[in-house]
Every structure is written in structure tokens, then in C-alpha cells.
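Some structures to go through are shown next.
In the two complexes that follow, chain A is the common piece, with chain B as its partner first and chain C second.
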Partner chain A sequence: MSAGLGVSAVVVVVVAAILIGAFGLRLSRTTSDFYVASRSVSPLWNASAIGGEYLSAASFLGIAGLILAYGADMLWLPVGWTGGYLVLLVLVSAPLRRSGAYTLPDFAEARLESMAVRRMASVLVVLIGWLYLMPQFQSAGLVLRTITGGPAWVGGLLVAVVVAVNVLSGGMRSITFVQAFQYWLKLTALALPVVFLLFAWHGHGKPGLGRDAPPVFTDPVTVTVSTEVSVRVERPVEVTVSGQVDGRAARGERITLRPGPHTIAADTTVGFPAGAPVPHIESLPVLTDHEWALPLHGREHPLYATYSLILATFLGTMGLPHVLVRFYTNPDGRAARRTTLVVLTLLGAFYLLPAIYGALGRLYTPELLMTGRTDAVVLTLPGRLVGGTAGELLGALVTAGAFAAFLSTSSGLAVSVAGVIGQDILRGGVRSFRAATLLAVTVPLALAMAARSLAVADVVGLAFAVAASSFCPLLVLGIWWRRLSAAGAMAGLLTGGGLASVAVIAVITGGPYTGWTGALLAQPAAWTVPISFTVMIVVSLLTPGGVPLGVARTMVRLHAPETLNVNRGDWRPRSS
Partner chain B sequence: MTTRQDESSEYERVQAGPEFQELRRRYRNWAFPVTVGFLVWYLLYVVLSGWARGFMGTQVFGNVNVALIFGFLQFVSTFLIAWAYARHADKKLDPLSDKLRGEMEGTSNE
Partner chain C sequence: MTPDKDPSGAARGERAGRDKDLPGSAWWERAARGEATDGGRRRTAPKAPERPRRQVVTSPRTTAARRPRYPATMEIDEQTRLGEVYMRSLVRTQFRLALFVCTVLSCLIGGLPLLFLAVPGLRETRLLGLPLPWVVLAGLVYPAFVAGAWLYVRQAERNERHFADLVERR
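Presenting the complex of A and B:
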């Protein structure tokens, strides 16, 4: 893709976001205030808005990358991210709507009548938000580097600044219409290129993924490595090298790479002949096409990893700060259910696309398995398969979609995180909110620059794991179990959230880990969720005196239908 | 403290009422088994992948094997369950809560 078109696509999206933010302030004050007027919005618009905010860099770029690298197992990510909404709908959404609590800390305080639990919930919201923001910034860096070759921090900084400006000006996020538009932009940006890609694939005689061997370069190809990688070569291959391989400098000489590990230095180009097997970066498994298409092959201890992924995604969705609040934009329970149905349809339609990108990537951009930048597959394919101006335009469209994904998700998250920091951790008020916004954006930006490069969908998966092992037990037990005590909730949040966070920190800062350690740390949910539930239940049973006095009243409020005209009390968070 | 307890007992009465209990029962009797059911259905996929590899690897057409079709069905089933829930709530839960409201409004002045 030419840098010019890609950059213009980014500029257009960024300028649009800033303009909408600036004008949105006026709009949101007059016509479409988030909590009030949007109640008159139809389920389709509302559902589009939910989808627009939910589909982040992980969905737009990450899933396709993981499917390219690990195969069918990774289909669980989209299934889980959709299924999480189902669990949220059936178990949590209706009682939570009735509770009158707009955020997770609000719910914690209303149900347990404890400021300590509220503060703990606030800290967890901030942690989860940061963890979710970090990969958005990293991906922005990846996108800008893919189109311009510039340094990776530029993209992250750009998105962080735009988000901070937007949040501070108070626009963007509050407008249902804008978020809804973002969904349709992202869907178009993935779906339109797919049509062209599939035509091109058809034109090539529909090559399949049925070989019983790992991928090969079908044409002679020159691969440029931007950061140092260590790759494994399976069969001896003669390559042309400009740069440095295994510490030996070369200027266009032909070198034979023997089987085994080889280190390729940054900014080295390696030319491969047609038919050469693709050397894989050491962190990725070498899979034959058959293994790739079958579940339980991709990662170490795949059975455990899959179960853990299912738990994290199904139970984690309900604990994401930017998801719950959208359920208040429906006038009643019936509309909320309709909205969820439409959301599931929209997410399902969207999530079929990354699978196609992943599979085509294995055929046409296998060099990403060597550079390890599998997250770039969505950006690389249009230029590779559809030549000429059409390819460049499609590439620009995908880039625009990716930036829309970063901006919409990051804005929603930054508002949630800044709100919690400003209200619960700083003193509240306008000045605190400004400081909080800066904190909400700079911490994950610093993390994004410091952390080692991980697959974007993996990091977002970790955020889901933390949410599943802290807020899921709090919500499920809080709504369905009268005997939950403040001490029990506190202990469960501390243990579950704490253990999951430790695993996350270990993965982001250290590693890579192998064997069972690696599997348990990379997918912590399967052990942290049961521990969190157990601790919450056991400690609650040990401290029956800590069950809040108003529990009967809270339970009626949670479970009496909205149409039932009982005095449900008008609970307001004490801190606001 | 005393007012709080009074309030609680009033809510205890509402909660102990047979129709409110029936409403909760209907909701729970649907939601909990269905949640267990769909989790089992998702986990079945994993179990089959682990212990019925031959079956999952069977090519149905082209390069599409049983595992991929199963994966697609997971999307479809997610949607179907949500649709079933919406129908259940519209048909079984909402009429009862409307009736409950009618009776409460008929007997009390609220």
C-alpha cells in the first residue's frame, strides 16, 4: 500500500473524530444526551452503538492474526466475545438495570452498602480499563508502522492524544449516533475488501488449505524484518540476504540456512525462492494445514487453554466497564432484550470476517509467520491480493476502519476509567476529571511502549480474564445470593482480581513462558474464576454479620419487574 | 436503625408474596437450566475436539471439516438462545408481571 493513501485515511478518521468531538459537545447537550434522549433510539441504532464501542483493535486486527497463527482454536475468541453477551443478557442485565446503578462501583456500593468494596471495585475498573487500552495503543503503532515504516510509538501517541482531546471536550462517546456509525464503518471496512479478496482468490483457482505440510512461499518473495527475530528453519534453504543473519553481515549474497534456529537482525531483507517452507518465528507453532484446521492443536496444553478462554470470554464480558452502561439506553426490559438480539446478530456478522482474513493470510501472506507480526494480516492482504489502485484504496479503507476501532473503543474506555478515577480516587469535580483523563490515557500509553510486543487479542483476552475473576462473581452472587457479605465480596475481589492481575503482569513484563507455567499464566481464568467464587462464598458464610441490612429491599429492587409499581427506593451513590 | 428494619420487613412481605415468588421461580427455572445447557453445548465442542478428532477432522466439502461447521453453529446457537430468551420473557414473564402490577394497583393506591 502506498504510504500517502494510508496516511490520508488515518488523517480523515482522526479529523472526523476531533470534529465530531467538538460539535458533539453541543449536540449531546441539546438533542441526544446519553442517558436520557437515547432512550428514544430504536433497538437497531442502539445495538449498532454497542457494537461500535465493543469491536476494538482486538476484533478488527487481532482475531485474524491469531487465526492465521494458531488456526481453528482461535475461533473461540469471537464465539466467546459474542457468547459473553448472552450470559450478560440472561443472568445479569435485567436485575442490574433495575438496580439503578450505572457503573460497577455503583452496583457494589448499592448491593453491599460498603464504601470499601466500592473502592476496590473502582481500582479493578481502572486496572481492566488500562489493560484494555494498552493493546489499542500498541495496535495503532503497528498500523502506522505498517503503512509508513515510522517508529511504533507514533501511532499510539496519536490515538492517545486524540482520545484525550475528545474526552476532555466531552463529545464523541456520549452520542449514540456516532458510535453506531463506527460499527457500520468497521463492518464496511472489513467486508468490502473481503469481496475483492475472494474474487481474487477465485481467480487464482481457489487454492485450498488441504496440504499435509506447513505453509510455503508459493512465489519468490522478499521479506523485510523490522525488529530482530529468531526463526526456526525446517529444511535447508538458499536465500538472498541484505543485512545481518546470525551475526554475519551480507549485502545481497546468497546464503544457505541450515535447519535449526537463526537470528535475523533488524532491517534485514531476506529473499526466498518459490516453494521454500516458511521459517516460523520461535514463539509460533509450525502447523500443517490439517492441524491448523482442527481444534486443539495451536498452543501448548490446548485443552486447558480452550476451557480457560471460554470461561474468560463468557464470564468476562459482564465485567467490562464500557459494556454495562449501554444497557441503560433502552426504555424498558423488552427493548433491552431486542437490542441484545440485534447486537448478537451484528457481532456474529462482523466476526465471520476475521476468519476469512486469517485463512487467506495463511495462503497469501505466510511471511507474517516469520516476522511474527500476524496482527498485520488484515492490513497486508488487500495490497497483496488486489493489485493497483483498487488494492491501495482497499488498503486505505481497512486502515481507516482500524483507526475507527482504536478511537471508538479507546474513547469509551477512557471516559469510563477517567470517570472512576475522578469520582472515586481523586476528589471529584471538573479539575479532577481533567487530571483523571490524563491518567487514564498516559498510563496505558506508557505500558504500551514499555511492554513486550504481544498479540493484541491475547492482551485483550487478559483483560477479560481479570474481569471474569473479579466482577463476574460479584455480579452473579450479588444478584442471586442473599447471603453475600461485604467481607466476602472484598475477599473475593482481592483474591480473584489479584491473582489474575499477577498473571497478567507476569505475561506482559516477563516471559515468554513455556509448558504449564506458560499456559496457566497466559490463560488464568480457569483457575482464578473458581478461586474467586469459592473465596467469596466461604468468607461470606463465615461473616454472616456482614450481610448488609438492606438486603431484602435491594433484592426486591433487583428482581421486581420494572412495570411493577412498588416503592423500590431511589438509591443514589453516596459519592456523587 | 428502626426505620430501616421496618422498611426491610415491608419488602420482605412483597418478596414473600406468592406471585412475586412465582415470577422469580419462572425466571430462574428458565435461566439457570438454559445457562447450564448452553455452557454444556459449548464445552461439548471442546470435548469432541479432544476425544473425537477423527470425527471433527472429517472433510464435509472442500476444505471445510466438521470442526469448522461446529464452530459456525456456535454463533447460530448463541443467537437462537438469545431469541428464545426474548420470547420466553415476552410470553411468560411480562404477562405475569403486568398481572402482578394490576393486582397491586387494584388493592393499594400506589
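Presenting the complex of A and C:
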């Protein structure tokens, strides 16, 4: 793809986001406007906005990349990210909207009548938000590096600045319009190229992925490595190298790579002959195409990993701060349910697409398995398969979609994290919200630059695991179980959220881990979620005195339909 | 979703009968009614509204105050035992419905990896030229989610309508 077109795509998306944001600016004046757009957003806008907010870099780029690398097991990721809304719909959506809370800490306070639980929830919201923002900024860096070759931090910084400006100038009402626009942009940006890609694939005689051998370069190809990688070569292969391989400098000379590990330095180009097997970066498994296409093959302990992933994604969705804040913009509980139904439809339509990119990527861009940058498959495919001006335009469209993904998710997260910091850590009010926005954006940006680079969908998966083991039990038990006590909620949040966070920190800062340690740490939900639920229930039963006095009234508030004229208590969120 | 606005008792009875075998059916109607007759009401009733009195010559009990129906929403507001029964019945019905959906979901979704493990032949099966796991996980599962969600929303709203009919009946 030409850098010019890619950069203009990025500029268009950024300018459009700022303009649409400014369009909503004059409507946004009071504190409650900033937080939840005064609850006057129509259901269709709202559903599109939830979709736009939810489909992050992990969905747009990450899933296809993981499918390319690990195969059928990764199909569970989009399934879980959609199914999570079904669980959210049946267990949480209407009661949560009826609670009248703006944020998760608000809900904790309203239900448990305890400031301690509220503070605990605030800390977790900020942690989850930062963990989710970090890979968005990292991916923005990856995209800009893919199209311009510039340093990785530029993209992250760009997204961070745009988000901060947008949130600061308009608050959430403008964000709602931005988000709704972004969903349709993302869907188009992924769906339109697929049509061309499938035509091209059809034109090539529909090659399949059934061979019982690892992927090969079908044509002679020159691979450029931009950061140093360590790859494993399976069969001896004669390559043309410009740069440095195994510490030996070469300028266009032919070198035979023997089986075993080889280190390729940054900015080295390696030319492979047609039919050569693709050397894999050491962190990725070598799978034959046949194994790749079948489930339960991708990673170590695949059955455990699959179940843990299912648990984290299905239960984690309801605990994501930026998703919940969207539900408060529905006029009532019934609208919240219907909005969720529309969201499921929109997400289902979107998630049909990444698998196609993953499979075509395995066929046409196998060199990503060598450079390790499988997240770039969505960006690389249109140029590779379609070619010409059409290919470049499609590439620019996909880049625009990717940037829309970073901007929308980061904006939503920044709003909710800033809302919580502003209300619970600073003094509240519009000025605190502005200071909090800066804090909400700069910390994950710093993390993105410091942390080890991991697959974007993996890091986002970890954020889901933390949410599933902290907020899921709080919401489910809080809504449906009267005997939940403040002490029980505290203990559950602390144990579940704490254990999951420890696993996350271990994965991000240390590793890579292997064997059971690796599986348990990379997918912690299967053990942290049950622990969290158990602790919350057992401690609540042990402290019956800690059950809030107003629980009966709160239950009326959560469950009685709005058409009924009943007393719902007088609790109000603090910001209004 | 279904235009179900007929407030008459006949329509309600018919609906309750239709819902009987569904997990979220409005069983509270029976429970709450049973409770209402055996003294869940503990306060004295407020005075009957003033009306032009009609002279009935055949009955000796003309001056006895008629007991008015006490609206159930007030029972809920004042957190009487009857009000609690109403609320618990609503919460339980909605929770049973939610639990039913979650159980079906976990059997279908949670069962798939085990199924693929137990019957390896299934992994190799091809449907429309694609491996079965791909057809299911990258395609069919999404419309299934939407259908499940739609059915849930319909039943949940129906439950709420029944509840509203019940407590607002005078």
C-alpha cells in the first residue's frame, strides 16, 4: 500500500471524528451531559454506538491475526465477544439500567450502600480500562508503522491526543455520535474488501487449506523484518539476504539456512524461493494446514484454554466499564433490552468477517508467521490480493477502519475511566473530569511504550478475564441475590480481581511461560471466576449483618417495570 | 413484540395458560392470589371514597363499609409481606427465565469443545465445502444468538406485562 493513501485515510478518519465530536459540542453543557448524554440518545444510535465502541483493534485486526496463527480455536474469541452480550442481556441489562447508576461504582454504591465497595469498584474500573487501552495504543503504532514505516510510538500518541481532545471538548454526547458513525465505518471497511478478496481467491482457482504440511511460500517472495526476530527453520533452505542473519552481515548474498533457530536482525530483507516452507517465529507453533483447520490444536492445553476463553468472554463483557456506561443512555429498562438485541445483530454481522481474513491470510500472507506481526494481516491482504489502484484504495479503507477502531474504543474507555477518576478520586465536576481525562489517557500510553509487545487480542482477552472475575459476580449476585453483603462483595472483588490482575501482570511483564503455568496465567478466567463467585457467596453468608438495609427497595428499583407507579427509593448518582 | 394489549381477564387467563410450560411463566399470579386471601394484608384499609349513597331496602347491611381493593403497588411501596411476595415472584420468574437461557447457552456452547474432543470425526466433517467447526463457529452461531436474544426479550417483556397487570388490577 502506498504511504500517501494510507496516511490520508488516517487523516480523514481523525478529522471526521473531531468534526462529528464538535457537532455535538454545543449541546453538551452540564455535568450530566458529559457523563451520559442526558439519556436522550435514540435506540438505533445507541446500538450502533455500542457496536462502534465495542469493536476495538482486537476485533478489527487481532482476531484475524490470531486465526492466521492458531487456527480454528481462535474462532471462539468472536463467538465469546458476541455471546457475552446475550449473557449481559439476560442477566444484567434491564435491571442495571433501572438502577439509575451512571458507572459501575455507582451501581456498587446503590446496591450495597457502602463507600468502601464503591472505592474498590473504582480502582478495578480504572485497572480494566487501562489494560484495555494499552493494546489499542500499541496497535495504532503497528498500523502507522505498517503504512509509513515510522516509529511505533507515533500512532499511539496520535490516537491518545485525538481521544483526549475529543473527550475534553464534547464529553459523551459527541462521543455517542462519533461511535455510531465508527461502527458503520468499521463494518464497511472490513466487508467491502472481503468481496474483492473472495473474487480474487475465486480467480486463483479457490486454493484450499487442507494440506498436511505447514504453510509454504507459493511464489518467490522477499520478506522485510522490521524488528529483530528469532525464527525456526525446519528444512534447509537457500535464501538471499540483505542485512544481518545470525550476526553475519550480508549484502544480497545467498545463504543456506540450516534447520534450527536463526536470529534475523532488524531491517533485514530475506528472499525465499517458491515452495520454501515458511520459517515460524519462535513464539508461534508450527501447525500443518490440516491441524490448523481443526479445533483443539492451536495452543498448549487447548481444551482448558478454550473453556477458560469461553468463560472470560461470555462473563467478562458485562464487566467492561465502557460497555456499561452505554446502557445508561437508554430511556428505560425495556429500551436497554431492545438495544442489546440490536447490538447482538450488529456484532454478529461484523464477526462473520475476521475469519475470512484469517483463512485468506494463511494462504496469501504466510510471511507474517515469520515476522510475528500477524495482527497486520487485515492491512496487508487487500494490497497483496487485489493489487493496482483498487488494492491501494481498499488498503486505505481498511486502514481507516482500523483507526476508527482505535479511536472509538479508546474514546469510550477514556470517558468511563475519566468519569470514575473524576468522581471518585478527584472532587467531581467538569474540571475534575478534564484532569481525569488526561490521566486516563497518559498512563496506558506510557504502558504501551514500556510493555512487552503481545498480540492485541490476547491483552484484550486478559482485560475480559479481570472483568469476568470481579464485576461479573458483583453484578449477577447484586441484581439477583438479596443476601449479598458489603463484606462479601469486597472480599469477592478483592480475591477475584486481585488474582486475575496478578496473572495479567505476570503475563505482560514476564514470560513467555510454557506448560500448565503458561496456560493458567494466559487464560486465568477458568479458575479466578469460580473463586470470585465462591468467596462472594461464602463471605456474604458469614456476614448476614452486612446485607444493606434498603435491599428490598433496591430490588423494586432494579426489577419493577417503569410503567408501574411504585416507590423506587431516593438514591441518585452523585454527579447529577 | 407481540401486540398484547388486551387488558381483559379472559385474555390474561388464556395467556397464562399458554405460558404454563415455559420456564418464565407467570406462576406468581396463583401464588400471590393465594397469599392475598390468607391475610397478607395487615393494615386497616383506608376509607372508602365518598359516593352518593344508594338506598337498598331489602338488605339489612346498608351501612356496612365495603372493603375496597387495596392496590398492590401500595403493598410493594409499604413493604408489606404481600408486597414482598409480589416482588419476589417477579424476581424469581425473571431469574428462572435468565437461568434457562444461560443453561441452554452453556449446554450448546460449552458442549461444542467436548463434542469435538469426543467425536473427532465431527471435526473433519465438511458442510458446504468447509469444515463443520468453521461453519458453526464462524457462521451459524451468530444468527442463533440473535434468535435466542429475541425470544428472551419477548418472554421477559411478557413477564413484566403480566406483573404490571397483576399489581395494577383494582
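In the analysis below, the second predicted complex is superposed on the first by the 538 of 576 C-alpha atoms of A that agree within 3 Å, B and C clash if a C-alpha of one lies under 4 Å from a C-alpha of the other, contacts with A are read in each partner's own complex, and residues count from 1 in each chain.
In the analysis below, a residue touches a chain if its C-beta (ideal position, glycine included) is under 8 Å from a C-beta of that chain, and two chains touch if they have at least 3 such contacts.
Quick caveat: nothing in here was measured; it's all calculated off a predicted structure.
Per the definitions stated earlier, placing chain B and chain C onto a shared chain A by superposition produces a clash between them. In the superposition on chain A, A:L549 contacts chain B only, with no contact to chain C. After overlaying the two complexes on the shared chain, residue contacts for A:F314 are found with chain B and with chain C alike. In the superposition on chain A, A:R334 makes contact with both chain B and chain C. When the two complexes are laid over each other on chain A, chain A has residues 72, 75, 78-79, 82-83, 85-87, 89-91, 293-296, 303, 306-307, 310, 314, 334, 337-338, 340-341, 344-345, 348, 351-352, 552-553, 555-556, 559-561, 563-567 in contact with both chain B and chain C. If you check the complex, the residues on chain B that touch chain A are 4-5, 7-9, 11-12, 14-15, 20, 23-24, 27, 31, 34-35, 38-39, 42-43, 45-46, 49-50, 53, 56-57, 59, 62-63, 65, 67-68, 71-72, 74-76, 78-79, 81-83, 85-86, 89-90, 93-94, 97-98, 100-101, 104-105, 110.
Chain contact summary for the complex, chain C toward chain A: residues 73, 76-77, 79, 84, 87, 90-91, 94-95, 97-98, 101-102, 105, 109-110, 113, 116-117, 123-124, 131, 133-134, 137-139, 141-143, 145-146, 148-150, 152-153, 156-157, 160-161, 163-164, 167-168. Chain A contributes residues 72, 75-76, 78-79, 82-83, 85-87, 89-91, 94, 293-296, 303, 306-307, 310, 314, 334, 337-338, 340-341, 344-345, 347-349, 351-352, 355, 480, 552-553, 555-556, 559-561, 563-567 to its touches with chain C in the complex.
Considering their complex, residues 72, 75, 78-79, 82-83, 85-87, 89-91, 208-210, 289-290, 293-296, 303, 306-307, 310, 314, 333-334, 337-338, 340-341, 344-345, 348, 351-352, 549-550, 552-553, 555-556, 559-561, 563-567, 569 of chain A touch chain B.
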